[in-house]
Amino acid sequence: MEYVLEIKNVSKFFSGLVAIDDLTINVKPGQIYGIIGPNGAGKTTLFNCVTGIYAPEKGSIKYKGKDITGMPPHKIAQMGVLRTFQNIRLFKEMSVAENIMAGYHTKSKQKWYHSIIHNSFYKKDELESWKKVEELMNFFDLSDLATTPTGDLSYGKQRKVEMARALAASPELLILDEPAAGLNENETIELTKIIKSISEMNIGIMMIEHDMDMVMNLTDYITVINFGKEISQGVPSFVQDDPRVIEAYIGSDDENDKEDANGK
Amino acid sequence: MNNKTTITIAFLAIMAFLPLLADSAWLSIGITFLVFAVVAFSQDIILGRAGVFNMGHAIFFGIGAYTTAILNVHFGLEIIYTIPFAIIFSAIIAVLLAGPIIHLKGDYFLVATIGFNIIFEQVLSNDIFGLTGGPNGIFGIDVIRIFGYELFSDTAIYYIAFGLLIITLFIIRNLDNSKYGRALYYINKDEIAAKSMGINVPYYKLFAFALGASIAGVAGSVFAIQYSAVSPESFNFMQSVMFFAIVLVGGSASLPGVIIGTFVMFVLPELFTEFKESRYLIFGAAMVLTMILRPNGVWPVTFGNIPKFLRPKKGAK
Amino acid sequence: METFIQQLINGLTVGSLYALVALGYTMVYGVMKLINFAHGDLVAFSAYVGLTIFTQFYGSNALTLVNIVIVFSLTSIVVAFMGVLLERLAYRPLRTAPRLSAVVSALGASLVIQNGIMLIWGPNMEIFPSDIFPSTTWNFGGVLISYTQFVILALSAFLMVSLYLFINKTKIGTAIRATAIDQDAAKLMGINVNRIVMIIFIVGSMLGAIGGLFIGVYYRGLTFDMGWMYGLNAFIAAIIGGIGSIPGAMLGGLLLGLFNAMISGYISTEWAETFTFILLIIILIVRPAGLLGHNVAEKV
Amino acid sequence: MKIKNIASALALSSVMLSSVAVADTVKIGVQAPITGKYANEGQSIDNFVRLIVDEKNAQGGLLGKQIEVVTCDDEAKAQKAAVCAKKLVNAGVFAVIGSYTSGATEAAQSTYFRNKVLQTSDGTSDSLIKRKYWTFFRNSFPNAAQSDFTAEYMVNVKKYKKIVVLSDYSSYSAGLGDATEASVKAINGNILFRGKIKSGVQNFTSTLTKIKAMKPDVIYYSGYYTDGGLLRAQQIQLQIDADFVGGDSNDNPDFYKLAGKSAAGTVLINFPTPEILPYPEAKKYLSAYKKRFNMSPPSIWPVTNADGLRAIIEGVEKTKSFDTKKIASYIRTMKDFPGITGPFNVREDGERVGAKFVVYKMKNDGTKEVVK
Amino acid sequence: MVNNEVLLSIKDLEVGYGGIAAIKGISLKVLKGEIVTILGANGAGKTTTLQTISGLLKSSAGTIIFDKNDITKCEAHDIVSLGMSHSPEGRRVFGTLSVEENLMMGAYTLKNHDKETLEWIYDILPRLKEREKQIAGTLSGGEQQMLAIGRAIMSKPKLLILDEPSLGLAPILIKAIFKAIKEISLSGVTVLLVEQNAKAALKLADRAYVLEVGKITHEGTAEELLNSTTIQEAYLGKKH
């Protein structure tokens, strides 16, 4: 298996308007793949298509060789595609440990009757689950906050909990939607390290990020999209200097600006 | 022993000794309280835990009561054997009704369940298949017999209801500490995040319905036994509104909350019979006031239900 | 055929009453996304207020047009005031609270009004004088329309057209629609959202008051809990039409009235209510936004 | 030590409680709708019972014991009635008067039967004596008697050829409607249509429009006045050219208020109302009632209940015992006990026999005239 | 055009959502007649700043003075009548209202909407004239943006706040929009602009502030910033 995720010619429309347009992206296991582009370019829509929240109108999405196009989100998650959200979707009133436990949902083998009667199988399974949560809390340095409601945490900590929750499902593809948004410099550095170490577990990572320092530092490969279309792809240093990318980001108001951007 | 356990044990201890102190009038209030508390807890599984806006909970309570009444009166089945049917029918009806509408969003779901409740009332009042007895319902339900003993006295019924409450609390405790129970909370707090964690949202919502309905069904059976009669007005839409309000006024997914809610809605009116005329006015005002002062209920739920070994050591913050 | 047309007219009469009441639900839902469960009880309240004004001022004599206008206006004003009070006390403090809190508050307010009526006027049936409107009946080839029916149909049509024009052609009306679409954007236009909400409660309560008075004049018997039934039917009408949509509420009301008349006239009175709710549930499943509503996608 | 103390305290208090029970009183229960839709009927039943009990107590009580009245409000609801039954049984009554509605009576029957408590009610539903409980007897006349009378009136007196029978869904009304339908058919009358309306919906035009097309001679309605009055008004408004005959529960001043001018010409079939009862007991008790409560009973029903109570008192005195079984069988053998509502005879199954009915017609000026 | 009279002045403004500070003490000034732009990456707090100025969000500390009035505690709808108009991010046109009705709503605070202003708007944004009767939700993104701007100037504001007017628009439309903004400014309206198209914004603006994670990191004239590497770094990261 060469690719953990193959997005092939995918398009998505909203009431006739194109949101993503014929995108093709391939992610390898252990690779950190960046998706960048200006606001409203269609990045989050792409992620929603991959995770099943939207069904694309055209094209196919394959995960580990299996077609997952149009599958419901929980099925896709059960297969090992987990995500975080741009605007953090933690269960705010619930504790850190309980939040991380949510990620372990697909791994727990409990049946419906275990919610009524607790037998020895339940006890074993429950202990295993919480051990896994403990492991992740240690990994993310959250053990001291186990009982704290996530709504009371700082942004940076919340991002970590969200990532820990996704990791609890032992994903093979992790989708991070702006993981550094709202973080301060130190937190960003810490996060960068964590993402690196996750990718070393041979987990494919796909991320949207606006913090370009981080993107350029962290990712192995980047696709730049604008108006739902791919405008450039390549390794970070290539993309950073690609005039099409500069134009998309910084913009141009006149023809002579192009050489201006290239010139530096 | 944490706070919640202390409260639970204290509450159960008081309830266990009540029959020794109460006269018969109090005893029947006690039974009503226990039965309605069970129904409120079962509604709390659906509304408070899964967060599904169910405003037709009286249906399942009614299915249980009518199942017992019909099987006993029309088919001569012993009361004790009607209870499994009450559980199963309630659960099946719950899934059949909620299934097609489970994807509806909040208010729309609420309206649909109101609709079901009104259809249910009409089915009962129209004496469907000659089984439900029309507007007057079914009378003359037998007493419960276990091992040849007739359990007729109020005290016996009180302890049956009390037993049911204990079983309900036990199930809820087990539910809260299990994969299924947690999944319900996740769905309640953020459906999209829950989906993205691999939780099959409609499946778990229907599970909550089936579980809540079957508990309400048993409570219905006990209710039918207590009064030896069932009639449609006990399962009408207003009753569902009450169960809905109990959970939210008390505090959803909170044990003391639901107890407080049930007490305020069903026991206080019995205590202040002199306010009989104006009691619903006072309740209405109290509902409004509670929501304004405490939008999450009198005693909201607290989370952090995790094993001891994960709890941070004292001093660490 | 005569019978059919007669049923049609019966249905339209009830339907216009539902529509008048449904407008109150739909306008409040449109702007506040709140099911105003107390609206039906306001309708009942208006019938009682109207009855009291009638009997206080006119005994039980037949009324001239001028007197009718006076009674209708007075009642509308009293009920509108109640509507505004309801919003101030029970809903405004919960504008930013969780949705369910507002629902419970609405249910509580409904209990308060319903039982307030019972405390003021007593639990027994109160009866409207029978000859407020002349008992003239016109016969069109076997199809009968009574004076009262005619007034109900004509005035409801007039009110609905006026409301339609108010909502669609005036600045305030446009502001109401704008607020329903996007409250923050409306604020940025300089629209005082609180004032818009107040206007909605005034207009909705007045229409409900006129509906309530018609119910009193047409059916005469008033019970303190009658608001639930009319409220619920009107609410279903609002949903069938598409809750939040004003033409939807009108259409839904008329359709529901016709549907009820046809079901009880041709199929079964016994199951008429069941049919109504089955219709409701089918519409919710097939087209949750109703016939004229808009589906809104949830933002992720 | 402590436990012993508590135990002895409990024992003491239970002795005290039981000593209250053996005191020199005897309890009679009233189960009636004291609040709700039928509050005036229920309160009047309670009043009449107290009138008779106070008279008896003044005469030295029942077999030397003072009678205590325990009232329970069943709000005319079946479920509440079941609670009342238990409450009254627990209070230690030996007999219960009530309830007003058949439904509430029926819901309480089995509890009284199981506890050997006598019960007498004005409920007219035929189903009340279906179970043949020995504890129960009826103090009014059954639907079957009224329906036979009604059928006779409509088919043979008025010679209606096309009859429509309407009722609501309550067991009383549907029962009377069904019985009337059967009685009409039994004497070869022609039933065009047998329909039901939903009580309280106010709008009956759909049903009436359907009926109009059938061109009936008469519409008979066996439900309550709250719907009957509107039904009549809407019938006139739809210009359905048929007579309107109403069952006993239409006979209430509010019927005329609801129907307004349309009430004129309406025919109502009822038991004789209190003010026209010709018996000497009637004059005595009704004037006593009027004197004490400053009004007349709203209908015949409180009066029949009073007769039920008087029959029980008679039973106790004649058998010289509070053994309910004995009292019940005595009541079933009484011959023409002089009731306020006429001679009181009870059949073996608890049915009161020997019914009398009156036909009224409404006049234009709002008064009624006895036709038959 | 630009004189030294201060139209808007913000001092030590702090805004937070549920305990998390989004704006951490920023100060800025807008002079009468200027075009001022706030630049910064996503999540820097630009939109929060604008929403606080126009009263949609409440600040936890600091003051906002507009046209000599302290508006820190004012309601959004009252601020509009003082002469400030805010065209929000994502356009937020009233989708089921017609173009004309949307514009009418823009003039809500005025007794009568002014025919001249309307003509003028149709003049700078001719597309709107063509689509006058069309339902706003059916317009293309660019047209909606034009409508949002048009709607905002219907109230004849002293200060026009524009939040990302070029968001998601094709370059050709961006040009048209910016041309319109220029014209609006020339007519005497002061403009406060948040843009991610930094080059275009700087070409247009007199002065600019650069916002990073809730703080202002740079400020200066548009020219200074245009020729520095600051902007490129703020958007595309430092070169490695």
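For the reader, a short list of remarks on this structure follows.
Here the chain labels run A, B, C, D and E in written order, and each chain numbers its own residues starting at 1.
Operating definition for what follows: a residue touches a chain if its C-beta (ideal position, glycine included) is under 8 Å from a C-beta of that chain, and two chains touch if they have at least 3 such contacts.
The shown structure was predicted, so the numbers you read here are calculated from the model rather than taken from an experiment.
In summary, the chains found to touch both subunit D and subunit E are C. The minimum number of touch steps linking subunit B to subunit E comes to 2. In terms of C-beta pairs in contact, the better-connected of the chain pairs A-E and C-E is A-E. If each chain is reduced to the centroid of its CA atoms, subunit B and subunit C end up 33 Å from each other. Subunit A and subunit D have Cα centroids lying 75 Å from one another.
Centroids of subunit A and subunit B (each the mean of its C-alpha atoms) stand 41 Å apart. A straight line joining the Cα centres of subunit A and subunit C is 49 Å long. Touching two or more other chains at once are residues 53, 85 of subunit A. Residue positions of subunit E touching 2 or more other chains: none.
Shown for subunit C are the residues that touch two or more other chains, namely 270, 273, 300. Contact residues on subunit B toward subunit C in their complex (touch as defined above): 53, 100-101, 104-108, 110-112, 114-116, 118-119, 122-123, 126, 192, 241, 244-245, 248-249, 277-278, 280-281, 283-288, 290-292, 295-296. Partner subunit A is touched in their complex by these residues of subunit E: 18-20, 22, 41-43, 140-141, 164, 166-168, 170-171, 174-175, 178, 196-201, 203-204, 213, 229, 231-232, 235-240. In the complex of the two chains, the subunit A residues touching subunit E come out as 17, 38-41, 151-152, 154-155, 178, 181-184, 210-217, 227, 236-237, 240, 245-246, 249-254, 257, 264. Residues 35-37, 39-40, 169, 195-198, 200-203, 205-207, 209-210, 212-213, 226, 229-230, 233, 237-239, 254, 257-262 of subunit D are the ones that touch subunit C when the two sit in their complex. Subunit D contributes residues 10, 35, 77-79, 81-83, 86-87, 90, 102-103, 106-107, 109-111, 114, 131, 169-171, 174 to its touches with subunit B in the complex.
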